[in-house]
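One chain, subunit A, appears in both complexes that follow, with subunit B as partner in the first and subunit C in the second.
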Partner chain A sequence: MLGYTLKRLLQMIVVLGAVSVIVFLMMSFTGDPVFMVVPIDATEAEIAQARRILGLDRSMPEQYAIFLKGMLQGDFGRSYVFREPALDLILERLPATLEIVVVAMLMSAVVAIPLGVYAGANPGRTESRAIMTGSLVGISLPSFWVGMMLIFLFAVKWNVFPSSGRGDTVEVMGTRWSIFTADGWHHIILPSLTLSLGTMAILLRITRAGMMEVTRQDYMKFARAKGVSRRGVLYGHGLRNALIPVVTIFGLQLGDLIAFATITETIFAWPGLGKLLIDSIYRADRPVIVVYLMLVATIFVVINFLVDILYTWIDPRIRVK
Partner chain B sequence: MTAAFLSSEFVHNYRRNPSAIAGSAILVIFAVIVTLGPWLVWQDPYDIASLNLLDSYKPPMWLPGGDAAYPLGTDGQGRDLLAAIFYGTRVSVMIGLTAMAFSCLLGTAAGILAGYYGGVIDSVLMRIADVQLSFPSMLIALFLMSAFGTGVDKVLIALTAVGWVVYARTVRGQTLSEIEKEYVQAARVAGLSDTKIILRHILPNVTTPLIVVATVQVGTFILIEASLSFLGVGVPITQPSLGLLIKNGFDVLFSGLWWTSVFPGLFIMALVFGINLFGDFLRDELNPRLK
Partner chain C sequence: MTEALLQVEGLRTHFHTFSGTVRAVDGVSFAVGRGEIMGLVGESGGGKSVVGFSLLGLIDPPGRIEGGTIRFDGEDLTAAGEARMRRIRGREIAMVFQDPMTSLNPLHTVGRQMDEVLRLHTDLDAAARRARSVEMLESVGISRAAERLSAYPHQFSGGMRQRVVIAIALLASPRLIVADEPTTALDVTIQSQILKLMRRQIRERGASMILITHDLAVVAEMADHITVLYCGKVVERGPADTVLRRPAHPYTRGLIDSIPNPALRKERLNQIPGMVPDIRNLPVGCNFRDRCPRATALCAEVEPALQDRGSGQWAACHHPLDAAP
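Coming up: the complex of A and B.
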């Protein structure tokens, strides 16, 4: 187990190194950032000076070395637009994104797991077919369109939920959160619901597949024969084993949700990472894009790592391979 | 050949599967829209001369103020929404299919090379795949597009860059198990060149699992393209896809002009739903593990 963990840790570092090279190369293709910094009427000498300050007059490997060194020290440069350290900007927006992602995750789990268990345990029933068709519709929906429809119905037409923004926040442990205020919850429902639909559908399908697999096992029949109630078998014996793949998907979906939050945040004007990213892409604010990419890459790699470790812990058979 | 196909298990199961039939019916309708679209509507929505600004923002025909000439209403330029949707569907479907074809070709080639030759090619390709798979496709596509700028060709490149990995992985695994088999060994002993073995023997035997992946991927690509266009980094405004139509509708949604965004969304949903229904059927049929 320790050897495996160390091996995966090493892999993680290699992947992050590769990502840093890719991010660096991609950023050098996106045009010259010097014009983001200098005024429009800058002279040749001023441009050259700005270039020197930004380190753009050096060779590519040198630039990469500086980039990497800065990054390891937590210095990603300053945003061209806000003139603040890019890392601070990102960290300031991170809680807002985490909020909608976590709430979306909970919403999808609460809906998907019971429905998936039901559909998997009673595959022939009309209700199960309806659940499965519903989940297929969920996968087929463009999430941004769902968000717009929710805004139209709940905000424009019926005026029950606000259409945009984050609502009141309150400071807890040095960060501002909106999930601790009533107004914050009022604002968080629609974006989180939008974000959760895709994950809900996928989670439901995985739970159902796992459940169907598990109901065929001998230990389920044995437990029934021994006199455990049907419900007891399903939830006590079945669900526990069916949930193993669900854990993996849950972990991987968390990453997907952070990515899809870019779209949801744009629609609902939610002041999180995703909105910052889209704004930065429009304004070619390179340092902010770089931090976002590296942060998301790190989150992804760490989640993958944790999922793998958790998986081998839940299911020891994997370790043998 | 035809008779054998019609009496096959595949066709038999298809006839007994209502969702497969529903899925293919949806796909047939969309095939008609894509091939005959411009002849089914009376207006060319991107020919300025045929637009009448006085007809802008007409509601669908069944609402007060609607006009039978514009069944689903019009947008801000007096453009028939149905016509715009038909043209947009063509763009979306074309992008989905072309990007799928490119990904499939590139991924299959990479997968066979990695599986057949192994060694450095294999480790390099598979490490790239590993890194890529640790990011969601949407995010990778978003970054490529933000680096490239808008354009149909750029969307195709971004989607292909995202999509090849699945094929490469699947084909590599299949190739590894095929090259162990006797017929490949026999072909080697008979002195066939690597190229011939790959093209004549391995390729035909590794492609079946790709059919399901390819079908579902068209749907995924259509959704990713729509999201990119919605964010303003997808297709250009001169060639609007369904996603871009929705984005244009979003700008006026708050004024209650719902039809300009509702209908294009319903079309995307129906299209991708049809693809997924049919893909589910194919998965059950072509995956021998489930039988």
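Coming up: the complex of A and C.
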């Protein structure tokens, strides 16, 4: 197990190294950042000087070496716009995104798994068909539309949830969280619901497919012959056997939502990573974009690692090598 | 004679499928006495397993028990609700499945799967349940039982797994074991070990068993009574000795003749000609007549009823074997 973890850590480093090269190259092709720094009426000499200070006059490999060295020391440079360390900016926004994403994922799982189990165990029933049709709707609706409809209904028409912002925050472990205040929760519900619908539908369909397969297995009938209740058989024996693909998709969706909550955050004016990313792209704020991309890559790699560990925990026949 | 432990009367279990109603079990009656092993014999698709699942109330839609009674120790199980059936399954009637490779949950340890039965059906505390599980594993011939409790099914061989399945079935001391082809999926060398184990365990506990099999050789070794099913109907039943030595129904005769007999050293094995008719579309009259050497016009018109042949033997045939053809 320790050997496996070390090996995976090494893999992660390789992947992140590759990502850093790609990010660096991409950034070099997206225009000359020197114009973001100098005043609009700067002279040639001033531009050349700025270029020298920023290190942009050096060769590409040299620039990459400097970039890498800074990154390893946690120094991604300062945001051109905010004049603050880019990493701090990102880390400040990360909790806001994590909040709505984690709540969204929990909502999806809590709704999707029982419905998926039901639909998988009773495939012929009318209720199951209704669930499956509902899930198709969930997959098909674009999140920007869902977000706007939720705002229209719950914020404008019935006035039960606020339409934007994080609400009250409280400082825990050095960062500000909405999730620990009642008003914060009030604000979290709508954006999280918007984020959760797509994932909910996918998880539901995966759970159902797995359960349909599993309910045909002999051990399900054997468990019933032992006197286990139908419900006990479905959840105690069936669900875990259907869980591997569900966990896989859950992990992928989790990373996906953290990385691409952008649209929902924009609609609900939620000050998370996505909004920061959009703002940074508009303003060509390279250091912030770089940190963002590296962070997203790290999150994906770490989630995948955790999912692999989960496999071995779910199914003892799977061995980590 | 005291009342039998299990008395099945006119059991009918049908499956309503798109292509018609399958009368998998159609008016089956038999009894299993206390401490008795009853062999339920027939070809594949003859409705044997459906009888077993019917007893436990485990017929899932589109299947349904359409009629008949299942008297277990005087109680009609066809009238029992799901809650009552849950207390009967595992505690009063336990089942051993055909394929030990698939009847254990691959993700739970053997210990947990055993513990589940004791948790459901006894008031024992955790330590006592564990002790009971160890004891049971040992009694079915699994060594180092205490260690093996934390092993997963895939760490056992097929024969060992079937021993575990048997141990699980016996755990709550049920009075009836329904064993559905318990040795069919096993290596020949293991088969007789498992059968002997089952017989010993059943006898020691004074329990009864229904042994569902297509293999008359197995039945000959194990059973006290035999019930022969064909197309969901009982065609013959009686004490094992009598039925095997003097079968009255041509179908039973055919089954006996298809057992290889090394003493005869025949070039070809006898077989029953033809195939089992489509159960969704059974002919009028005797279901076996197309494959029967003794069939007459009568067989095509009138379905034979079970008739007493004396000394407990019953057969459903117009032209039974010891009578003139």
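Rule of thumb we're sticking to: the second predicted complex is superposed on the first by the 308 of 321 C-alpha atoms of A that agree within 3 Å, B and C clash if a C-alpha of one lies under 4 Å from a C-alpha of the other, contacts with A are read in each partner's own complex, and residues count from 1 in each chain.
Quick note on the criterion: a contact is a pair of C-beta atoms (placed from the backbone, for glycine too) under 8 Å apart; a residue touches a chain by one contact, two chains touch by 3 or more.
These numbers come from a predicted model, not from an experiment.
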Request  = Judging by the criteria at the top, classify the pair subunit B and subunit C on subunit A as clash or fit.
outcome  = fit
Inquiry  = Quick check for you: in the superposed arrangement, does A:29 touch first (subunit B), second (subunit C), both or neither?
reply    = first
Request  = State whether A:156 touches subunit B only (first), subunit C only (second), both chains, or neither.
outcome  = first
Inquiry  = With both complexes superposed on chain A, which partner does A:307 reach: first (subunit B), second (subunit C), both or neither?
reply    = neither
Message = Quick check on the superposed pair: does A:139 touch subunit B, subunit C, both, or neither? Answer first, second, both or neither.
response = first
Inquiry  = If you tally the residues of subunit A touched by each partner, is the higher count for subunit B or for subunit C?
reply    = B
Query = What is the contact status of A:297 with respect to subunit B (first) and subunit C (second): first, second, both, or neither?
reply = first
Remark   = Expressed to the nearest 10°, the angle that the Cα centres of subunit B and subunit C make at the Cα centre of subunit A is 80
Ask   = Which of the two partners, first being subunit B and second being subunit C, lies in contact with A:288: first, second, both, or neither?
value = neither
Request  = Return first, second, both or neither, reflecting whether A:148 touches subunit B, subunit C, both chains, or no partner chain.
outcome  = first
Task = Examine A:224 and indicate which partner it touches, taking first as subunit B and second as subunit C; both and neither are also allowed.
result = second
Request  = Please state the minimum Cα-Cα separation between subunit B and subunit C in the superposed model, rounded to the nearest whole Å.
outcome  = 13
Request  = Mind listing the subunit A positions that touch subunit C in their complex?
outcome  = 124, 217-219, 221-230, 236-237, 240-241, 314-317
Key: Contact footprint of subunit A on subunit C as seen in their complex   = 53, 56, 58, 61, 82, 86-91, 94-95, 97, 99, 102-108, 116-117, 120-121, 152, 154, 165, 168, 172
Task = Please name which positions on subunit A make contact with subunit B in the complex.
result = 15, 18-19, 22, 26, 29-30, 133, 136-137, 139-145, 148-149, 151-152, 156, 163, 255-256, 259-260, 262-263, 266-267, 278, 281-282, 289, 293, 296-297, 300-301, 304
Ask   = Which residues, counting only subunit B, touch subunit A once they are in their complex?
value = 19, 127, 130-131, 134-136, 138-139, 142-144, 146-147, 219, 223, 226-227, 230-233, 243, 246, 249-250, 253-254, 256, 258, 261-262, 265, 268-269, 272-273, 275-277, 280
